[in-house]
Amino acid sequence: MLISEIKIRVRYAETDKMGYCHHSVYAQYFEEGRTELMRDLGVSYLDMENQGIMLPVLELKTKYLKPAYYDDVLTIKTTLKEYPGVKIKFYYETFNQHGEKINFAETTLVFVKAKTMKPTKPPLFFLEKLTSLKK
Amino acid sequence: MLISEIKIRVRYAETDKMGYCHHSVYAQYFEEGRTELMRDLGVSYLDMENQGIMLPVLELKTKYLKPAYYDDVLTIKTTLKEYPGVKIKFYYETFNQHGEKINFAETTLVFVKAKTMKPTKPPLFFLEKLTSLKK
Amino acid sequence: MLISEIKIRVRYAETDKMGYCHHSVYAQYFEEGRTELMRDLGVSYLDMENQGIMLPVLELKTKYLKPAYYDDVLTIKTTLKEYPGVKIKFYYETFNQHGEKINFAETTLVFVKAKTMKPTKPPLFFLEKLTSLKK
Amino acid sequence: MLISEIKIRVRYAETDKMGYCHHSVYAQYFEEGRTELMRDLGVSYLDMENQGIMLPVLELKTKYLKPAYYDDVLTIKTTLKEYPGVKIKFYYETFNQHGEKINFAETTLVFVKAKTMKPTKPPLFFLEKLTSLKK
């Protein structure tokens, strides 16, 4: 199990007329969260794409508990619980600066070869990083 | 059961470096979809907010089947299946201009009073519109 | 001189906590405006990109006169005043549903070859469409 | 003269099919830039809004020199050159992680009272912070 945290400040442009951080924005925050988890692991998502492997999203589920507001400093906690196959699943929890959990989510993504857009196994260097963690 | 359709063209700014309409954008399209359904019903979401009732999102689930691309003209088909209580659930299907279903989703929202942010029953004029449909 | 109009409804997600359509959003509306102008002319921006010509933005100037609000139906009026060279300039005016001009803007873009990212003359088919208009 | 810097990493969702950080996104970065400058000065923009003063944007001019790409870590350098009146002007320069200046911009904003939306002088505590700097 691998856990990573990233802090993101809610931008003015991300709020809506209700004064909330618009619910569509969190999908961007979660994307930052999983990129950070990979970075923590020593894997650059950018490098992976440059090597011809992409990770489109297959599924997104989010439960919203409380809103976030302008200028809130949120912590996105991203967790990789299961060893990935062709698909990889990330779990997210968002906390505000008062330590309150304001939402949680999960995403399923699939490794694809950029050239063919066909599903593929995770790249070896990614699996090796994961395996080396276990030891 | 109430069904509504709206057409939305994918903007350049909504694409990402994969060339896809970014997966976070659909939450905005679905919001347009349910607003259109309410408009079809004769209810303006804006009027409802002006009368002190808001509809924050509690839950969002999306399954992505295929990507959409720049300049695609998508049809968002929004369905209201169940009579709403304090919560209201909408279902969505997105089709591209070739008639292919590219994703489907559901959202749960809650009626709240703007002043107190406490859950409340749907406004009468909304329920009356729904009831008049049945006849 | 070529003029084109497109109608865009302000999305909930595009508003901010002030209740305004966030000022950054108009750059997306203007992009839709100039794409529509090209479409009116018989030129698809998508086709042009597929043929290896891209049009990145070099300069954007916007003056905001009044805000737009959620659910407003805006008209973006895009004008091409000068015959394009390597650079092309578009002018924009935004009107709300009450006919009030709420902002105006201009953008300068440059034709580049996608392969080299070097500036290039506008594609012949684009110039031919413009020339045929004059007659 | 007051200068402030903030670092922002380009998100995947902010890129477009050209692979560039979409040109509309920088208006959000500049907003973060001027908020940071105010924070450096000891003024919270959020507090100011809570006290009934808002700062809508009147004018935005941006010149784009080079694109930014996904995962780039940009530095937004924001400068306040002139003592503000009812209007306040900020200047911005964006640098990528290689130290290259990739764009520059200026925005003019106006202090307004939230209740009346009428222009007003900058709040005293803001001017006092500026004056204390000079000494």
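A, B, C and D are the chain letters, set down in written order, and residue numbers restart from 1 in every chain.
In this text, a contact is a pair of C-beta atoms (placed from the backbone, for glycine too) under 8 Å apart; a residue touches a chain by one contact, two chains touch by 3 or more.
Everything numeric here is computed off the predicted structure, so don't read it as measured data.
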Farthest-lying chain, centroid of Cα atoms versus that of subunit D: B
Between B-C and C-D, the pair joined by more C-beta contacts: C-D
Inter-chain centre distance, subunit B versus subunit D - centres from mean C-alpha coordinates, in Å: 34
Separation of subunit C from subunit D, taking each centre as the mean of its C-alpha atoms, in whole Å: 24
Distance from the mean Cα position of subunit C to that of subunit B, given in whole angstrom: 28
Set of subunit B residues in contact with two or more other chains: 12-13, 17, 24, 27-28, 31, 70
List of subunit C residues in touch with subunit D within their complex: 17-18, 20, 23-25, 27-28, 31, 49, 54, 56-64, 67
Subunit D residues within the subunit B interface of the complex: 12-13, 15-17, 19, 22, 24, 69-70
Contact set on subunit B toward subunit C in their complex: 9, 11-13, 27-28, 31-32, 35, 44-46, 70-71
